[in-house]
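In the two assemblies presented below, subunit A is common to both, partnered first by subunit B and then by subunit C.
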Partner chain A sequence: MREGSFRNLSGCAVSAMISKEGRRFSGADIIRSIRVMHDRSNGLGGGFAAYGIYPEYQDYYAFHVFYDNMAARRECEAFLERHFDIINLSKIPTRKIPQITDEPLIWRYFVAPLPTKLAESQLDEREFVARCVFRINVQLDGCYVFSSGKNMGVFKAVGFPEDVGVFYRLDEYEGYAFTAHGRYPTNTPGWWGGAHPFALLDYSVVHNGEISSYDANRRSMEMHGYRCTLQTDTEVITYMIDYLNRKKGLTMEEICSVIAAPFWDTIERMEPAERQRAEYLRNAFSSCLITGPFSIIVGFEGGMLALNDRLKLRSMVVGEKDDMVYIASEEAAIRAIQPELERLYAPKGGEGVLIQVKEGAGQCR
Partner chain B sequence: MMLDAATLDWQALNEAVRDGGREIEIIHCTGERFIGAGASDKKITIHGVPGNALGAYLDGGEIIARENVQDAVGDTMNDGRIVVHGSAGDALGYAMRGGRIFVRGDAGYRTGIHMKQYQEKRPVIVVGGRVGSFLGEYLAGGLIVVLGLGCTDVPAGNFIGTGMHGGEIWLRSLKPPQHLPPQVHLEEADEEMLAAIRPQLEEFSACFDLPMSQLTEGRFYRLTPNAQNPYKRLYVQN
Partner chain C sequence: MSIDFQYPEFEVERSEDCVYCGRCVKECPNGVHILTEDKKLRTRPQGCVACHRCAAFCPTGAIQIVRSRHASRANANWSEQAVTEITKQAATGGVLLSSMGNPENYPVYFDRILINASQVTNPSIDPLREPMETRTFLGAKPDTIHRDANGNILPQLPPQLSLSTPILFSAMSYGSISYNAHASLARAAEALGIFYNTGEGGLHEHFYQYGPNTIVQVASGRFGVHKAYLNSGAAIEIKMGQGAKPGIGGHLPGAKIVGDVSRTRMVPEGTDAISPAPHHDIYSIEDLRQLVYSLKEATGYQKPVIVKVAAVHNITAIASGIARSGADIIAIDGFRGGTGAAPTRIRDHVGIPVELALASVDQRLRDEGIRDRVSLICSGSIRSSADVVKAIALGADAVYIGTAALIALGCHLCRSCQTGRCAWGIATQNPELTRRLDPDEGYQRLVNLVTAWTHEIKEMMGGMGINSIEALRGNRLMLRGVGLTQKELDILGIRHAGE
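== the complex of A and B ==
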């Protein structure tokens, strides 16, 4: 049975780390961090998003794909060849470990849209790529593109997150930012595609919580051409971030005021200019308001955003040391990899923490 | 007895604490949950950051955390004392029914929600710094004091005392808290009123070696349920 046949309820753990200098470091530490919160997951899903890991292919979209079987792979590769120039393809390297079983075929492609196809489509490049991802995921049976950004990649599986990290040899990658997730779905069929992070282009989301606005958000996103296939709230959050940032051009700060909009009585007490802005965002994008408990970490090219729901029904702490920023559901998960912090704080509910890598830094563009 | 949390998982650690005699010191704590849960006669000193639900259902004795603690410390605690030298996470002292919690630094959202008291049982939380929103939400009894040391504004977030129908919340603050629900009665405390919480402040002062003068200077506000506007009228006119 797959995700999509019924709703998941999740508990979960999140962790993330980023170098503001764009300095690349190994994925070993993020595994150590998420391991501390082992008991927040139940072994039915773990995953990572890693940014800056493919500098040698930074101009190409990196597709990570799950296949049920070889026939699905052939079908998908035929589609990719019709639409993209495939620069490189390979199996994603994994370690066989007893904790991770029943893996699908896991392949990676570095691709660029075929110029003729792209011109014919009259779409901008990113929209073309996003539509291709949806076509594969919705129309091709047994194929699921779970990562599709440039110079970044998602690695996820059914299992405990620390085992998933070992399975994907995450310690052998170097990036300037990593996010991690341990999943606690209480009634999931447990399919690899349903693990976090969820990603579209370079946007990725890890999420601890259970949003109650899922259907309102889903209906809204489907009106804008997104197809929610998995019934998990994190999928729809990912599409909302993509929609608001890439398509509507909202800044990440503005996105916080949309998805975790201040209460009306808080807005009433704001200064006029701030109030006008908050009212506009709440009204214009009311169907993107997320209610219910959540703490999310959004990864994107060159940065990261952490956000709690307005009532702060999930825990999240942020630590800083030198050029590094750490975010986790529990302080211990940060202390495990950086005992000496210069600053540690818990962001307020609805107050986003935006971390951006220094402009022009190393490998992030 | 000294325990090294780095060598034990949380279950083994908690078993060792249960079997380990009256005085226990734990080093290298990294998120191990439920430490001291239900204990009644121990003194547990913790180095590092313990996991959630530290001292849940504590029924006596003492837990001293030398650094920060996470969420749900002292959940449904019944007796004893928890002393935190750093800061605490969310839901500190949730549904406490007895005992005392002293935090030198800050505490997170939902501090002391659902606390209650009965006869001689009266739970106490004193926080040295500031707290997040929903302080004392649905408070039914007990005492919460927020000292706001180092704060220039009101040392608590929004929705203070929402739904409170018993107990007392004290804020040391130069400005009165704003936007309180009508069910909460606010008054500035004079010297005479302040005497009511002096024993708790003295205990806090002793825990962290802070002079009483620092804790009592400035203004205090006391929040109690508004007897003129009780909740029953919210639902039924009778």
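== the complex of A and C ==
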């Protein structure tokens, strides 16, 4: 059975690190961090999102694609050629290691929409790209675009996350932010596309939890044109972030007030202007409220957002040192890579931690 | 006479505890109990409707109403009811009348749906320890967000109804039910932070004070509709149809148009108040749009407009049309919905189950991308908090309760409202009877019922790990069907238990 033909529940580990200065650093540390939480995964999925890793191609969408076979690849490349300028294509470099087996074909493309196609579609560029990704993933058999942002990339596989990092040679990439995920699915088809992070455009999500609002969220997102093919929480959360941020223009802070909205009795105690705003967001986007346990880390171009459910039913801690911010399911995962922290705290339930890279910093756009 | 003989449906059994006090005689509005001159009690069971008023008030508990043992030859095809009804019609040439909801043996889909709970992978939440939110807003949601020059959100929403719990009292007109029943509903709605609905009989001047918790109805007869009335409520409901009698109008007999009822309805005393089957200014969907906007104009676009329709075969297309007509809320009334009087054949054979109608309307509005333009209220026999949870998980924003509210007020479902002799003082205008319903007690019982249901809703939500009602709305994975065909499951949009 393939991921998406049933609802897949999972527990997990998450970890992330970001330089507020936009300083680029190696992916080796994030592997060390997630390795500490080995027991929170069960070897059935691990992955990373890395931001700022493709500065030389920063104006192009980087598509990472899994193919079941060569025929699928030919079909997908024909589609890409009809819709995009392909600036560069290659296999994604990997290390053969015994822990990671049965890999699909893994390819990477740097692309820009064909101006004629884009104009014809009457869509803005990002919507055009997102729709092309959906078309490939939903309509082309054996093809799966699992990363589609600019100057960022997702790397994921079936296996323990530390092995996945080694497999993808993550230590050879440099970025200003990384997120990591170790998966503990309660059942699994062992399909690489089902591992996390889940990403659309430059939004990526790693998530630990099982949300009870899933079907309410899913049906709302499907109404807005998203196709939830994987039946996982992470997929629908990613679409909600994309919908609220890119399509509705909500800021990340406002998104926190939607998906982990304050309780009504908290809202009632707010100052009038703030109360009206909170009431508005909760009412207008009530289908995007998430209930049930979650800790999520959202990566996006130039920043990161960490958020717990309203009752904080999943662990998540934040550490700070110099320009670095670390976020993880367990403190040990942070201490493993930075024992000397200036500050360490557990954000309250529903309290978003937003980290934005300094404007114009380094390789970050 | 003998050709029309029908043995009474019920008999009265009086035990030896009877003290011949005659209380039953006073309580029975149908003359079933007769105190003879020699202080004996006789019974005339032909009038008995099994309302249990006599049994409830017998000081010694001596009365029991039993089903008659009078036998007919068994016939699986010609039921006793069919024979009885033909006999009545042969005698009178009249249309059979009934009241309350369809009692026939059709499937009750709510009873074929089960609710989920968390185990292991996801914690259940204890509503006694953690916040558990049932607040519900009804009304259209904005399509675009507006911001000021500094980028701050301008929190402007179309008009909304805010409910403490997703339950409203459905439309029951003053006239069909008594002043005291209306007083109970209005006060309970205010105390609970929810809404009651005037029905089509106008609003008694005493009840304008409950305006913030009142939905005023505009039906085809336009009884009691004027500008002050429209502006007195929190929302306006256009009644296009009623689940108990889709496709037909209403008829309040002149006998009930007395005193304040006449004044409130703006109908002369003793004149029948006849609501036409259609609104005669609405022969199509574009006409509905004009009425919606006329009402919005009359109320300065300050109040949401509800359009109430009966669940009929092409309800999805109808609802889609309504959602595009400017309505803020659609109320779908299923074929089990109650009535003060309806032709029996209509009540029992027209319309469809609300569970199927609700599920397909919710899905259709989503398929068309317009579900956020309207809220959905589901009605037509919501019997318990479990029905509320199931309706919301199927896609409703809230439910209307009518019959359940009347039962809380003392209704025993004897289904004889059309006689106007309600022994419990609810569906009558007879002053001797109406005073039996004490609004102080009635309002408290309604508050109790809705409070109890809300507690139960919270328990079920907590079990599912859901701590806010909006995360339950349309959350169909929380439901499973039992004993349903694949077609039924597909329409309900749920899986079978075990899947």
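In this text, the second predicted complex is superposed on the first by the 365 of 365 C-alpha atoms of A that agree within 3 Å, B and C clash if a C-alpha of one lies under 4 Å from a C-alpha of the other, contacts with A are read in each partner's own complex, and residues count from 1 in each chain.
FYI, a contact is a pair of C-beta atoms (placed from the backbone, for glycine too) under 8 Å apart; a residue touches a chain by one contact, two chains touch by 3 or more.
As the structure is a computational prediction, the values presented were derived from the model and not from experiment.
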First, second, both or neither for A:S26, with subunit B first and subunit C second: neither
Partner chain(s) touched by A:D215 [first = subunit B, second = subunit C, both, neither]: second
First (subunit B), second (subunit C), both or neither touched by A:Q356: neither
Touched partner set for A:S121, first subunit B, second subunit C, both or neither: neither
First (subunit B), second (subunit C), both or neither touched by A:W264: second
Which superposed partner A:E330 touches (first subunit B, second subunit C, both, neither): first
Touching partner for A:R277 - first (subunit B), second (subunit C), both, neither: second
Winner by number of subunit A residues touched, once subunit B and subunit C are compared: C
Where subunit A meets both subunit C and subunit B, residue numbers: 265, 311
Contact set on subunit A toward subunit C in their complex: 7, 9-11, 186, 209-210, 212-217, 219-220, 222-225, 248-250, 254, 261, 263-265, 276-277, 279-281, 283-287, 289-293, 310-311, 313
Touching residues (chain side subunit B, partner subunit A) in the complex: 10, 29-31, 33, 48-52, 68, 70-71, 89-90, 108-109, 132-134, 157-158, 179
Subunit C residues within the subunit A interface of the complex: 118, 121-123, 125, 130-131, 133, 135, 137, 141-142, 145, 152-153, 155-157, 160, 366-367, 369, 371-372, 464-468, 470-478
Contact footprint of subunit B on subunit A as seen in their complex: 36-37, 39, 265-266, 269, 311-312, 315, 317, 330-333, 335-336, 344, 346, 348-349
